Structures are given as C-alpha cells and as structure tokens.
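Both complexes below contain chain A, partnered by chain B and then by chain C.
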Partner chain A sequence: MKRNWWKILSVVLLVYTVLAGLLWDVPRLSILNETIRALYFHVPMWFTMVLLFVISGVYSALHLGRWGSAAKTDLFAVSFAHTGVAFGLLGIFSGMIWANYTWGSPWHGDPKQIGSAVSLLIYLAYFVLRASVDNDEQRARLSAAYNIFAFVAMVPLIFIIPRMTSSMHPGNGGNPGFNMYDLDSTMRPVFYPAVIGWMLLGVWITSLRIRLRQIENKLEEYEDGF
Partner chain B sequence: MKMVSKLSLLAAMLVAFPLAAQEVEMADSMRADGKINVLVAIILVVLAGLIGYIVLLDRKARRLEKKLEEKN
Partner chain C sequence: MNLFRLIEKEIRIEMARMAVLAGLLLYLISTVFILYVSFQFRQNLLNAVVWSALFWVVSFFAFINAGAKSFIGEKKGTDVYYYWLVSPEALLFSKIIYNTLLCMVLAFSGWLIFGLLLSNPIEDTLIFSLLIALAATGFSSTLTLMSGIASRSGNSHVVMSVLSLPVVIGMLLNCVKITRNCIDGLGWDASQGHLLVLLAINVLLTATAYLLFPYIWRS
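Then we have the complex of A and B:
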C-alpha cells in the first residue's frame, strides 16, 4: 500500500478534476462558453503524452549508453512510447470535438493539429520499425536510436512551428497563452491537479504493461529451461 | 486631477467588466436546475468503472508476480 500512494493520488486528483472541472466557476468568454472546461481534459492528454515520450526517450538513451539491463531499458522505452501514443490519440480526438464547436470544423489544418498528427505518425513508425526486425538486440538498438530522433522531431512540430506561424491554439502565433483562459486564474487550481492526475494515470497504465511483459518474459524463460 | 480621472477610469472598468462578462451565454439554467449533477454522476461512474478495472489488472499482475517468485 505504501508503494502505491501515487496511484491513490492519481484517483483522488482525477475525481477532483471531474467534480471541480464541471462544477466550479470558469471565466465567461464568448465563443468558448462552457467548452472552456475542456481545458481540464484535452490539454492534460498532451502534457501526459509529452511526459511519457520524455521517459521513453530517456530509457532509449540509457539503452544506447549501455546503462543497466539492456532488456529492461528497451522494455521501458517501448512501453512508455506505447501509452504515449494512446494519450496522443485521445488528445487529437478530443481536440477535434472541441475544434468543431469553437473553430467551426473538426480539422482546420491548424499548424498544431498537423504537427501533433505528424509526430504521432513518426511514433507509429517506431512500432513498425520494431515489428520489422527479428533479432532482439538489433531491434532494441535500432529502435532506441529512432526513438530519440522521433522525440527530437516532435519538439519543433508541436512546440516551435505552431508558435512561429498563425496557429489558433492559445499561446501560439500571436495568440495569448493561458492568460486568455484564466484571466483571474480561477482555472489554475483545477488545471494543474488535473495534469498531475492524468500523468500519474499514464504512468500507472504503462507500469501495468511493463509488469505483464516481464511476467511473460519470465514464463518464457521457464519454458525454455525445461 | 489626472490621478482622480485615472482612478475613476479604473473603477469604471472594474465595474463594467463583470457586467460585460455576464452577457456571455453559459449553462446557468442547467446548473440552477441541478441537472449538471446528473452529468457529474455519470462521468464519475464511468471513471470509477475504468479505474476499478485498472486496479483489478494491477492486482492480477501482483498475483502472477508472487506466483513466479514462489516458483523460484
């Protein structure tokens, strides 16, 4: 129970997010109206995705630097990338629903939309690469190198290019940042706990994937032994 | 004099801002009716179900790990 405190924290924060996110006051802004509350659910998907991709990239770097068990760093890298893609897809689809109501159509060709879609495709190619190499060590090393490139490509696609062009996302292309939402910072006390809650959930799901794969690997060792 | 006019401008802005903000259409009647609670309850049930499922998976993984440890 002591080791699982962060899982309980995740559940508490997510329940708080739903309660406060739907019931508390938010700034009254035209066009956005009540959809401003999507900030508590759509944006944390991206924050979580970026965190999971960062952890995945760190394990890939550790793998290339021969730090720790090679099988373990490879398993951690692929598992975190896998959940990261899942959160990214949730971010894309939730964003399309939000865009449909505030921008007028689900796909606007907004630089940030395109950038996030392209970086998700880059990460999907990571799994294609892994599936196409049979040798375990080769797959681990090749995909670790590719994973670092994927992360390096994601940073300009999501964080830099949308800020240099005219993106409709807040904080990009001359649009004001979060200040547009939380004029009186009424949203911060919900938004930041929401981000932490979703991030912990992402790590939790990833840890389950890792543990099940480790159990599977051990079972295979036993089968080989007899 | 200048100071006074600046202050009065500030006061006017402070008073006018909430008034202008009130005109933005929000789901006020839905909140007044208490129907928002229906939404909150439904989303919480879905969230509880999904998290409960993850907890069950977590416990299943723990059981399997213990089983493997005993084998060793």
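Then we have the complex of A and C:
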C-alpha cells in the first residue's frame, strides 16, 4: 500500500480531471467554445509522451553506460517507448477530433501535427530496428544508441521548428499551449492535476507492461530448462 | 594524423572503383531526366515550391545511397582490422568528412543537372551554396551513424532508409524552406534564422553521433 500511493493519486486526479474538466466553468472564447476542454485531455497526452520518451532515453543511456543489469535497462527503455507511442497516438487522434470542430477538418499540416507525426515515425523506426537485429545484446546496444540519437533529432522538430513557423494552435508564439490559459486562470486548477494524473497513469501502464514482460521471460527460461 | 590518412584512404578507394561514384551521378542524371520528360511542355508548373521539393528529394536519396555504403557493404573483416588500428572517433570523423565532400559533389552536380535539364531559378547563389554545404555536413553525419547501426542488422538497406528518413525530416524541411527563399531572392534576412537552426541541428547531431559511435562500434 505504501509503495502504491502514486497509483491511487493517479486515479483520484484523473477522476477529478474527468468530472471537473467536463462540468466546471470554462472561459467563453469564440471558435473554441466548449472545445477548450480538450486542454485537459489532449495537451497532457503530449506532456506524458515527452516524459515517457525522456525516461526511455535515460534508460538507454544507462544501458550504454552499463549501469545496472543490461537486460533490465533495455526492457525499461523499450517499454517506456511503447507507452510513449501509445500516448502520442492518443494525442494525435484527440487533436484530430478537436481540429475537426475548430479548424473544420482533422488534418491541416500544421507544423505541430507534422512534428508529432514525424516523432512517432522515429519511434516506429526504433521498433523496426529492434525487430531486425537477431543478437539480443547487439539489439539492445544498437537500439539504445538509436533511441538517444532519435530523441536528440526529435527535440528541434517538436520544440524549436513549430515556434519559428506560424501554427494554428491556440497560444502560438512564445510558449505554445501556455498562452491560452494565461487568459483565464480558471483552467489552471484542473489542468495541472490533469497533467500529473496522466503522467502517473503513463508510468503505471509502463510498469505493468514491464512486469508482464518479465514474467514472460521467466516462463520462457523455465520452459527452456526442460 | 590518422584522420587524414583515413580520409585519403577513402578517396583512394573511391578513385580506384569509379563505378560507385559514376553510379551515383548516373542516378542523379536519370532521376532528373525523368523529371524533365514529365515536365517537358509544362515548365511553368515548376514553381519555387515544386523545384525546391524536387531538388531536395532527389539529392536526399542520392545522399542516402552515398551514406549507406560507408559501413554497409564493407568487406567482412575490415571492421575488425579498423578496430585494432584506429580509434572509433577517428574512423567516424574520417567517414563523416569524406561523406560531406561526397554529398557536396552530389548536391552541386545535382544543381548543375537541374539547371541543364529543367531550370535554375536560384537567385541567391551564395546563400544556396552555403545551404548545400551545411546540409551536406548534417546529412553526412546523420547518415554515417545510421549506416553504422544498419550495417549490423539484418536487411541493412531497408533498415538504413527506415532509420534515417524520420531523423532527417526536420533538416529536410528547413532546406526546402531556405531554398524557396533563395528562389524568391529574399536575401540574407529571410534565411538567416533558418540557416542558424540548420547549423545548430548539425552541431547537435554531429556531437551526438560522436558520443554514440564508440558504443555501436564495440559490438
């Protein structure tokens, strides 16, 4: 129970996010109208994705630096990348639903849409690389190197280039996404808990994946033993 | 010292088997020729956007072919030989510098061939040349590292393009944007920021490649 307090916190925060996010007052803005509530669901997806990719990159670095068990750091890196991609897809799809109502159609080739699509492509390439190397040790090392390189290549794509070109995202210019609710602080009490809740959920899902994989590996070893 | 020796070795090998270089140039010529045939009577459709996109797509695939062969297709045992002889950093930088030269040759000849067969709408020649030099450095350091990774996997050539394409899209988009500015003759002010971003990306990626390569090389 003591070690699981953050899972309970995540559930509490997300229940609060869904209830308060859908029911509480939000600022009335033209065009955005009620879709402004997407802030509580769409934006945290990206925050969580970036967090998970960062953790994945850190484990890859640990793997290359030979900290801890090699098999464990490799498993952690790939699992966090998996969940990160899942959150990225949710971010894209939730954004497309939102765009359908505010911009008029789901896909506009907005710099941020392109950046996020490309970063997902990068991580899909990471999985392809893992699938095409047979030797376990070599796969772990090559994919760790690619993971770090890919993350570095992704940084300008989602943090720098979208800020240099005009984007149709609300609050563009300066810090994307933050200007929007600077207009009105009624959204902060829901937005921050939402971000933390979704991030905890991402880590939680990943930890379940890791445990599942560890059990599978154990079972395989067990079967090989006979 | 080792570095120059290694670069010299690369150039000598290239001169010894001209077929590869000739093949790359022929690739450029035939691609642009296909474009020429397709656009034949509709040269007016070849506006700034189309020209810059076509130029970079054609050059990019030439770059991939050039970069792929830096580690893929080396004779078996060569890597073990290098491993004993030189430091991984020297090897990486020799390949990057050599590939940069090769990419520049390819891009400039691509520009020439585009000019001969289609048109040469570039107004800011100097900025565009600088862009080609910057792009060649960035692409070659990325592609060299990717080729190092891909050479150690199964079907290397597929993996090579799958790995490098998403990583360089950011750079490629920047190149297309600056090329458009060069065609419109907007001068320094318009392209300065983008050139700086390109330079920053180059430095970032080359530094990362430098840090990561020893780990790839060890396996």
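The definition used in the following text is that the second predicted complex is superposed on the first by the 217 of 226 C-alpha atoms of A that agree within 3 Å, B and C clash if a C-alpha of one lies under 4 Å from a C-alpha of the other, contacts with A are read in each partner's own complex, and residues count from 1 in each chain.
Just so it is clear, contacts are C-beta pairs under 8 Å (C-beta built on N, C-alpha and C of every residue); 3 or more make two chains touch, one makes a residue touch a chain.
Here the structure is a predicted model, which means the values were calculated and not measured.
Novice: Let me test your reading of the model: by the given contact rule, A:L14 touches which partner, first (chain B), second (chain C), both or neither?
Specialist: Once the two structures are laid over each other on A, A:L14 reaches chain B alone.
Novice: Is A:I148 touching anything from chain B or chain C once the two structures are fitted on A? First, second, both or neither.
Specialist: After superposition on chain A, A:I148 lies in contact with chain C alone.
Novice: Figure out whether A:L22 sits in contact with chain B (first) or chain C (second), or with both, or with neither.
Specialist: Touch partner of A:L22: chain B, not chain C.
Novice: Going by the contact rule set out at the top, does A:I215 touch chain B (first), chain C (second), both, or neither?
Specialist: Touch partner of A:I215: chain B, not chain C.
Novice: More residues of chain A are touched by which chain, chain B or chain C?
Specialist: With both complexes superposed on chain A, more residues of chain A are touched by C.
Novice: Quick check for you: in the superposed arrangement, does A:A86 touch first (chain B), second (chain C), both or neither?
Specialist: In the superposition, A:A86 contacts neither chain B nor chain C.
Novice: Classify the contacts of A:W204 with the two partner chains as first (chain B alone), second (chain C alone), both, or neither.
Specialist: A:W204 contacts chain B only, not chain C.
Novice: Is A:V128 touching the first partner chain B, the second partner chain C, both, or neither of them?
Specialist: In the superposed model, A:V128 contacts chain C only, not chain B.
Novice: Common interface residues of chain A with chain B and chain C?
Specialist: none
Novice: Please name which positions on chain A make contact with chain B in the complex.
Specialist: Residues 7, 11, 14-15, 18-19, 22-23, 27-30, 33-34, 201, 204-205, 208, 211-212, 215, 218-219, 222 of chain A touch chain B in their complex.
Novice: Which residues, counting only chain C, touch chain A once they are in their complex?
Specialist: Where chain C meets chain A, its residues are 142, 145, 149, 152-155, 158-159, 162-163, 165-170, 173-174, 193-194, 197, 200-201, 204-205, 208-209, 212, 215-216, 218-219.
Novice: In their complex, what parts of chain A are in touch with chain C?
Specialist: So the residues of chain A in touch with chain C come to 64, 114-115, 118-119, 121-122, 124-125, 128-129, 132-134, 137-138, 141-142, 144-146, 148-150, 152-153, 155-157, 160-161, 164.
Novice: Show me the residue ranges of chain B that touch chain A in the complex, using the header's touch definition.
Specialist: For chain B paired with chain A, touching residues are 21-22, 24-27, 36, 39-40, 43-44, 47, 51, 54, 57-58, 61, 64-65, 68, 71.
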